[in-house]
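Two complexes are shown next, each including chain A; its partner changes from chain B in the first to chain C in the second.
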Partner chain A sequence: MIENLFDVSTVLSVSNVAVFLFVLIGGVLISLSVHFIPIGGAPAAMAQATGVGTGTTQLAAGAGLTGLLAAGSVSAVTNNLYLPLFIGSISSCLMIAITMFSANLVYIFGVGCPLVSGKRQRDVITKDRQDVYVSKGTEGHGTPTASFFSGLIGGLIGGFGGSLTYVSILYLCTKTVGISFAGSAAFAATCSIALFYINSVIASYNIGGTIEGFTDQKFKKMPKAIFVSSIASAIFGIITIATVYLFIVPATGGIF
Partner chain B sequence: MINFTVLLLLGLIAVLAAIAGYTEDLESVIGSQSNPNSQVQLAPQVMRPHRYFNKAISGEPISNALTAAIGASVAYLFTYISFPFLVSLVLGSIVASLFHAYLAFVSHTGRIASQGRFKQPLYKDVIRSHIFPIAAYAFLTVFCILSISYILKYALEHPFPFPLISLILGISVGSIGSSIGDVYYGAESLYQNYPFGAGINAAHSGDIVRKGASGILTNHDHTYFCSMFGAPATGLAFSATVFLTTWITSVFNPKDGTIYGVLAIILGILFIICLFVLNRILEIYAHHRFGPYRETEKGDAVDI
Partner chain C sequence: MAAAGFAIFYISRMLYMSDVSRFFSSLEIYNSYPFLFDILFGFLFNFLFDVSFCLSAVLFIVSGSEACRYIARYGIGTGVPSVGMYSVGIATICSVFGFSLFDQITGFGGFLAGISVSLIFGFICGKITNKYLNLNIPGFTYNMTLVSVATTASFMASGIFLFGSFESIIYLRGMIMSGIAALLFIGTAVMVFHSYNASLGADESHDRTQHLAFSNAFLWMLLLSLISAFFKPVSVVLIIMFSLILFIYSFKKYVKCVKRDSYVISEPALLPTEEELI
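Right, the complex of A and B next:
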């Protein structure tokens, strides 16, 4: 088994390289999605900043993993490889949309402040005035339309990235090395959760806790995060594939 | 073909999710977890010693994921040795809530002890009166999460292992509770000493309300306050998330053909568009209702 692993043709087989690339792309998409999701961090919980009042990593991971749950249920009942990706993506977006909408209800009816951004004079999409509605000593509150739209894009991309990782590792385990579906789904989901957290944290450090979406100046720092997460995801991809061949295949009796 | 048993189970999941979201938010309020914790932490440093319970085990999603995964693992163990599933879920939830209460105790005492240099006392009665409600709310949350996971795993045949589904749902309920319910706690409940109708000025950070109509406030008062708006909003949001994401693939099940999967995606997109439009309506309503920000004699408040 070990000899086979060090055989260049085994290691560089088409499916292994494809899975590695898909994990890489999935990781980069997750990192990209975090930049789109409007997050106000702890200040937003005191209505001091625009966006959802939680941590960057937390909401991105919460949404992405909700998508993963839906993608997992779809992958069990269909052989179509594209459906889990898109249903995961839509579910993730749905979770973000419900969260942003409900948080806005709390901002308006609970705290009594309108939805505004403190960083722009006018909303990019609706062209509404923003600066006159901002409370003194804050940078805006709630999720206005431009940030909401940005959040939806973030949810779609993040859910797609997470589902892509899940489906590609699932495919590697079930189709290439022949592990049972239940075991493969568990392993693929665990890897997907891990990749989600790795890349969300990278993106979170890059944007420094708060971002209003694609309208924010911090969005321009995105290429740095993409570069770092591509390295992290590449390492993660290698570890994942090595784990499959070194530990899971001998334990479960795969192809070797 | 719509299966009514499945719809019934989805309804049950939605109800359980609503309770889970509600209790999760109250659990975070009674222990001052998550983002508003920064204010409770800051208060003694700006000479405002308080009688609040101050725990921040970690971010809410991770904390809830941990308790849910522990509960699910223990419950799985008991079902494995042929305990009835309901008893197993209860036993799992008890173990998880005890673990959570222990973490809450350690977190609170550690945090308050570190603030001794700012003259913040460590009240034994605060620990005694808060630790049991924390455990109770954690029990309810974990039990609901485990029940949802159990239905998803064994009735709706989800491929993920039972503890993994619980872990994901724990992360999900935590992130929703942290995004929605905590805003009401942080921006309104903790700052009742400032007029209603504005975001909290960053210069007032740490100046949280400490005195009530009668006596000194504790987290029990905030739990009562938040149980009327923040917690129900969290419960409804979590319920809607869990229900809608499973409902679209249950009504149009991809098992019946790819076209049904595509219809499920279209249905999801329709929901998202609806929420986008509703959000816009809400934004316009708020701008008209509140008007531009104006300072009043009392300080930072919008004069409606």
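Right, the complex of A and C next:
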């Protein structure tokens, strides 16, 4: 069994390199998507900053895991490889939209404040004046139109990245190695969740906890996070492929 | 035997916390001795027998929460849970890698392999995060490595305690396919970051946080032993009793620290009766 470890031609086949690249791209897309989502952190929970009032990890992971769940359920009933990607990204986008909308309802009818951002004089999309509505001592409240639109883009990208990782690892396990669907789906979901956590925290460290979407100045710091998350995702991809070849092939002989 | 050893260790650790760490902090040496102490004893316990994996998970959780405290004390702006989630992302894949090698290297070698992979992964992630994202926290790389190693080790030790086996297929079928892995991931992450997340603030004191970390870890041990009753019902009652006693003891010590640090303790009055309301 041990010779499987060093069989270079098996491990370095075209499909495995493609899976590695897809995992890398998926990780980078997840990191990119966090920059689009309006995250307010603790200040936004007290209606003192723009965005949804929770941390990066929870928000990104919540939307991303919804996408993974949808992608997983779709891939169980179809052999099409592209359908899970789109269903995953759309359901992720839907989840983030529902989160932002329900938070906005609380901000409007519960706290009683208009949806504005203090960083721009006019909203980028609707061109409405917003600086006069910002309460003194705060940076804005709620999720205004530009941030909402940005959050939708973030949900689409993040869901696509997570589903891409899931589908590529699932493909590696089922088609290349030949494991049963249930086992490979569980393994792929575990790996995708881990990748989601790592990359969302990298993006979170880059933006310092809060961001308002693509209208924010912090959005320009994005290339650094992409560099860091590409390195982390590359190592992650290597470990994943190594695990599949070290673990599942020799230990189980493909039966599990 | 492991229980007696652990009791001796716990008492000596308490003594150590009180005097030796004060000595080192007075010298202003970079205080990494408690972590090394924990990890060394964690490895020693792993050699003893099956139950001791649970005890070593306790020690790894405590050393992880120490390192988590060090990083989060600088105020990274993202909240303490982000450190735990970063480490659990690393720990997930590394522990699955470690479980994979149980068949090919003998049991404890797989454990060591998972830990060494997480050491490398955590080191690289910590290094590039600190350097390129301009966090500039001194000791970030070291502590990020420690958090990921401790989370991986506690995760793997919890898994070995639950299933009590060194065969890869059992972990694949019983843990990853059944979904118990999700519970272990989130449980370990919460136990690692909770102690500092709960007691951070201007008046945060080290020993209070550490007592909370110990009581969290014993609670995790209690939960693990309750879950493991479904897998191997023999000899679980003793472990449940042992972890319950340790949990109550460490939680009492924590409450004592809270009462010591509080400004004033005021007893709440009874709810007003109906006559007083009128």
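In the analysis below, the second predicted complex is superposed on the first by the 250 of 256 C-alpha atoms of A that agree within 3 Å, B and C clash if a C-alpha of one lies under 4 Å from a C-alpha of the other, contacts with A are read in each partner's own complex, and residues count from 1 in each chain.
In this text, a residue touches a chain if its C-beta (ideal position, glycine included) is under 8 Å from a C-beta of that chain, and two chains touch if they have at least 3 such contacts.
A quick note: this is a predicted structure, and the numbers were derived from the prediction, not measured.
Of the two partner chains, chain B is the only one that A:V106 touches; chain C does not reach it. Applying the stated contact rule after C-alpha superposition, one finds that A:G41 touches each of chain B and chain C.
In the superposed model, A:L81 lies in contact with neither chain B nor chain C. Residue by residue along chain A, chain B and chain C are tallied for touches, and B comes out ahead.
Shared-chain residue A:L21: touches no atom of chain B or chain C.
When the two structures are aligned on the shared chain, A:A182 is found in touch with chain B and with chain C. Once the two complexes are laid over each other on the shared chain, residue contacts for A:T190 go to chain B and to chain C alike. By the document's definition of touching, of the two partners only chain C reaches A:F236; chain B does not.
Touch criterion met: A:L68 reaches chain B, while chain C stays clear of it. Comparing which residues of chain A touch chain B with which touch chain C, the overlap comprises 41-42, 55, 57-58, 61, 182, 186, 190, 193.
In the complex of the two chains, the chain A residues touching chain C come out as 1-2, 5, 41-42, 55-58, 61, 182-183, 186-187, 190-191, 193-198, 200-202, 204-206, 208-210, 224-225, 227-228, 231-232, 235-236, 239-240, 242-243, 246-248, 250-252, 256.
Partner chain A is touched in their complex by these residues of chain C: 76-79, 81-82, 85-86, 88-90, 92-94, 96-97, 99-104, 117, 121, 124-125, 128-129, 132-135, 168-169, 172-173, 176-177, 179, 181, 185. Taken together, the chain B residues at the contact with chain A in this complex read 34-36, 38-39, 59-62, 152, 156-161, 164-165, 167-169, 171-172, 174-176, 178-188, 190-191, 196-205, 229-230, 233-234, 236-237, 240-241, 244-246, 248-249, 253-255, 258, 261-262, 264-265, 268-269, 271-272, 275-276, 278-280, 282-283, 285-287, 289-290, 292-293, 295, 300, 302. Taken in their complex, chain A has these residues touching chain B: 41-48, 52-55, 57-59, 61-63, 65-70, 72-78, 80, 83, 86-87, 90-91, 93-95, 97-115, 126, 128, 132-138, 140-145, 148-149, 152, 181-182, 185-186, 189-190, 193.
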